[in-house]
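Naming follows writing order (A, B and C), and every chain is counted from residue 1.
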Amino acid sequence: MANSAVAAKLTELVKRFGGEIIGDDVEVTSIASLDSAEFGDLSFYTATKYSDKVASCKASALVVKQFNAKYACTQVVVKDPQLFVSRSLNVLFPRRKSCESRHPTCVIHNSADIDSSAEIGAYVVVESGSFVGPGTIIESGTVIGENVTIGSNCRIHPRVVIYSDCVIGDSTEIHSGAVIGSDGFGNAWNGKSWEKIQQIGKVIIGSNVEIGANTTIDRGALDDTIISDGVRLDNLIQIAHNVKIGAHTAMAGCAGVAGSTTIGANCLIGGGVLIAGHIEIANGITLLSGSGTPNSLTEPGVYASGVPTMPYSTWARNSMHYRRLDEMAKRIRKIEKNSVLSGMKQQGEENGTD
Amino acid sequence: MANSAVAAKLTELVKRFGGEIIGDDVEVTSIASLDSAEFGDLSFYTATKYSDKVASCKASALVVKQFNAKYACTQVVVKDPQLFVSRSLNVLFPRRKSCESRHPTCVIHNSADIDSSAEIGAYVVVESGSFVGPGTIIESGTVIGENVTIGSNCRIHPRVVIYSDCVIGDSTEIHSGAVIGSDGFGNAWNGKSWEKIQQIGKVIIGSNVEIGANTTIDRGALDDTIISDGVRLDNLIQIAHNVKIGAHTAMAGCAGVAGSTTIGANCLIGGGVLIAGHIEIANGITLLSGSGTPNSLTEPGVYASGVPTMPYSTWARNSMHYRRLDEMAKRIRKIEKNSVLSGMKQQGEENGTD
Amino acid sequence: MANSAVAAKLTELVKRFGGEIIGDDVEVTSIASLDSAEFGDLSFYTATKYSDKVASCKASALVVKQFNAKYACTQVVVKDPQLFVSRSLNVLFPRRKSCESRHPTCVIHNSADIDSSAEIGAYVVVESGSFVGPGTIIESGTVIGENVTIGSNCRIHPRVVIYSDCVIGDSTEIHSGAVIGSDGFGNAWNGKSWEKIQQIGKVIIGSNVEIGANTTIDRGALDDTIISDGVRLDNLIQIAHNVKIGAHTAMAGCAGVAGSTTIGANCLIGGGVLIAGHIEIANGITLLSGSGTPNSLTEPGVYASGVPTMPYSTWARNSMHYRRLDEMAKRIRKIEKNSVLSGMKQQGEENGTD
């Protein structure tokens, strides 16, 4: 288990985050899963049904939605165990703060404006005209282009690249390998070959955003690519030029959004989801993993697509029909017509009107 | 709007790129979308139908396919607005040229041959025997392995890695995070475990190619992986060992091509398309986004696949049938047979031959 | 063809790896494909049927499964040509060994413990408390966080990032751009916005593992993400937090595994396969490329899914039916019922019991 830098009493956590303690107050030094918890750990259980796994958990205390007398340890009853645990993690494992230092090896253009309380790691490059705000941490090997603006209390992990002119808000975290502001995929065909269309827009990322490892967000062609406040992007996501993502939308790994599409606020986009370009996804839409979305979706709700995995022989037998369904539908229609006709005929016979 | 380094008169642009000016000649300082354009901007419209959005656009001049008297500003009538705008962007925003300098922190092996007009950025590493041609820009943090050849006027963005022996042509651009020449996925099973098969081929990339951020192109197992002249690869694309991509083929983000597949020239491969290994995709094929392509395609044309997104409940009801289509087809066939038989029987009765 | 550093006689290779030489012993300097082989090369053929391509191959010797008198050159008959060739490649092209050196530009925390026989490249950063074992090579620009343990004889290619606390075994190879230990995608919704859930687990990677370029493996939320011995991960793969991958499982490029899923040993996961979270994939399962796997699979075997590519017009006609199959099934059932009824009716008439 990860050692925490800080221990905390349950009463302290409950005072800050709400909840009711049933049992002795204990001091916890870490948070652990039900399987791994040991004495001194806090664990949690998000369902309400009795669980043997919970009963045999060795944690000193348990965060639960509902008290259950069968569990021996101290219970902290809360509305939302996940939220309580998340906030407790921040107490037990305080977030890394800026060391307010610049590594001697960082290369910072003399016109760049780096707040004195920022932390700049080894081999970081910051080009001309850029700004880095108070409390922000830029870790080793990151390259920040010209005229980039990064707000306060951001954490940029090692080896991120931010191309020129991009704007990042406050308290935003970007994981290693992410590339912000690379050229959008713009090419004009001249009859014989492609001519690159320069991309003179930029990327604007809001505050309280988290961007995963190796995720790529392209700069706009003319207008900007916009990632609103509170957005969560997982790893290996591709955001094409001029995409706009609304506030608090979360996208899981390997998803991709093609150019000029607008995704609303509070959407949940599953892993590997592909969203076509030049469409609109309304607020509050959930796209389950594996969805391929070619057209705008205007109604909030949950959407899905895809062919679930099946044994190979079953798939081999069935996949040939994926291109014969139109024909199958016609054959059914024909059968239905004929049976109507023959039903009418039979009816006619019975009525003596044939 | 991005400031342009250079302003230009419409007459100058038309003189270079063709077209007809209807209205006053104006000097433009930037190019903008219809929504964002302001005085001094050039905007464009690629359709021909009258559009309110165009009529209310505030640009000083508009590039159009067809003149429309209802639009107040100067119009530049051209065959291909996108191409005209693309070329005008290069005039207003001249491409970055090599500073013909080497950052003091770059580490260049003494056997590497870097043209004096090349630009090498901070913390760039160039290993033994490599060659970098005239006018090429290698930006911060890029690592170039041994015996790599990079031609003239290339632009390699920050933090690219090019493994040993790879060859890159002229005027090719590679975006941040791309990895060129990593080992192909080669493993031999020895009955108990995998033994890595060393990949002794390399990657050969032609001229006027653009490769997107975080795209990976593996070296060949024995022969080489080949990306022909004029190819456009978007971000987060995987090109496996021994793939060959023909001239001017464009692939959108998140696509993947498995080993030893040959893709022809002038293909358009949509985002997220997966192409199986050891197959051939002929010239001039378009694979729409979301296509999974397991077999060779020999006829030029447009291909598609996938199950479009639908409301979850609809998908849940229907997806169970994706593995029952073969059975459904058999039931239809049985019904058809029976109705033929009963039709024959009925006919027989009518004919008195039953 | 790649020059080999070492030449070898067939007798020497056969002495080490088994097989029977039919024809003269030759000295080979390289290994090449059938198409490209020249004098002095060894080539190979894994099928048994006679092949013109083999007959016209110019290699000095051929590794085959079965002798064929029609082939002129020396033949080396072995059970498994691929394995023989793989092992011969290692003789002809000896794996790069550690130079047992530290580049003057590397930044190593004074509490980091780097074995004297390890090789640390230019601009490598190793943070406090980390350990790098004997013979391990860490190439340029890689960043190793705090308290990381890397075993012996590993090869970490340029520009990898390993976040704090991660553990890597022996003889493991990680390709450029890979990110190990980035935060898992953990967020708790507080009613208005997401609150980040700190990820206090780590990544544990075993021995003899190979991880492809730009692949991302997230650290666990509380427990660890585990990649067992002998696993092979290709490029651009996403492994979410708390995934466990069993020994010797191989995953092809662009695959993605969502959080807390367990994949067994000896699985073969095809390119682009998406595996849902919180499920179990048993040992010995093959998931063909393009499979979307939402539920646990408990039986060893081969699984597939997806809609294969077809001409666009065919797909357009058919794809509308992917959401009407349930309705289609009902219509078939209705037809079948009616024909049973009318058959009974007809039978009744014939029997005089209607």
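Heads up, the rule we're going with is that a contact is a pair of C-beta atoms (placed from the backbone, for glycine too) under 8 Å apart; a residue touches a chain by one contact, two chains touch by 3 or more.
Everything quoted here is computed from the prediction, not taken from an experiment.
With chains as nodes and touching pairs as edges, the resulting graph is complete, every pair of chains being joined. Annotation: the subunit B:subunit C pair of sequence copies touches via predominantly different residues, less than half of the used numbers being shared.
Simply put, subunit A must spin 120° to overlay its Cα atoms on subunit C, rounded in steps of 5. Taking each chain's centre as the average of its CA atoms, subunit B and subunit C sit 25 Å apart.
Those residues of subunit C in touch with two or more other chains are numbered 105, 123, 141, 159, 177, 214, 236, 254, 305-308, 310, 315, 322, 324-325, 328, 332, 335, 339. For subunit C in complex with subunit A, the residues that touch the partner chain are 105, 107, 123, 125, 141, 143, 145, 159, 161, 163, 165, 177, 179, 182-183, 185-190, 192-198, 200-202, 214, 216, 218, 222-223, 236, 238, 240, 254, 256, 258, 274, 276, 286-288, 291-295, 297, 301-308, 310, 314-315, 317-318, 320-322, 324-325, 328, 331-332, 335, 338-339, 342.
Subunit B makes touch with subunit A in their complex at residues 1-2, 30-33, 35-36, 80, 82-83, 85-87, 89-90, 93, 95, 103, 105, 121-123, 139-141, 157-159, 173, 175-177, 208, 210, 212-214, 230, 232, 234-236, 248, 250, 252-254, 271-272, 289-290, 305-312, 315-316, 319, 322-326, 328-329, 332, 335-336, 339, 343, 346.
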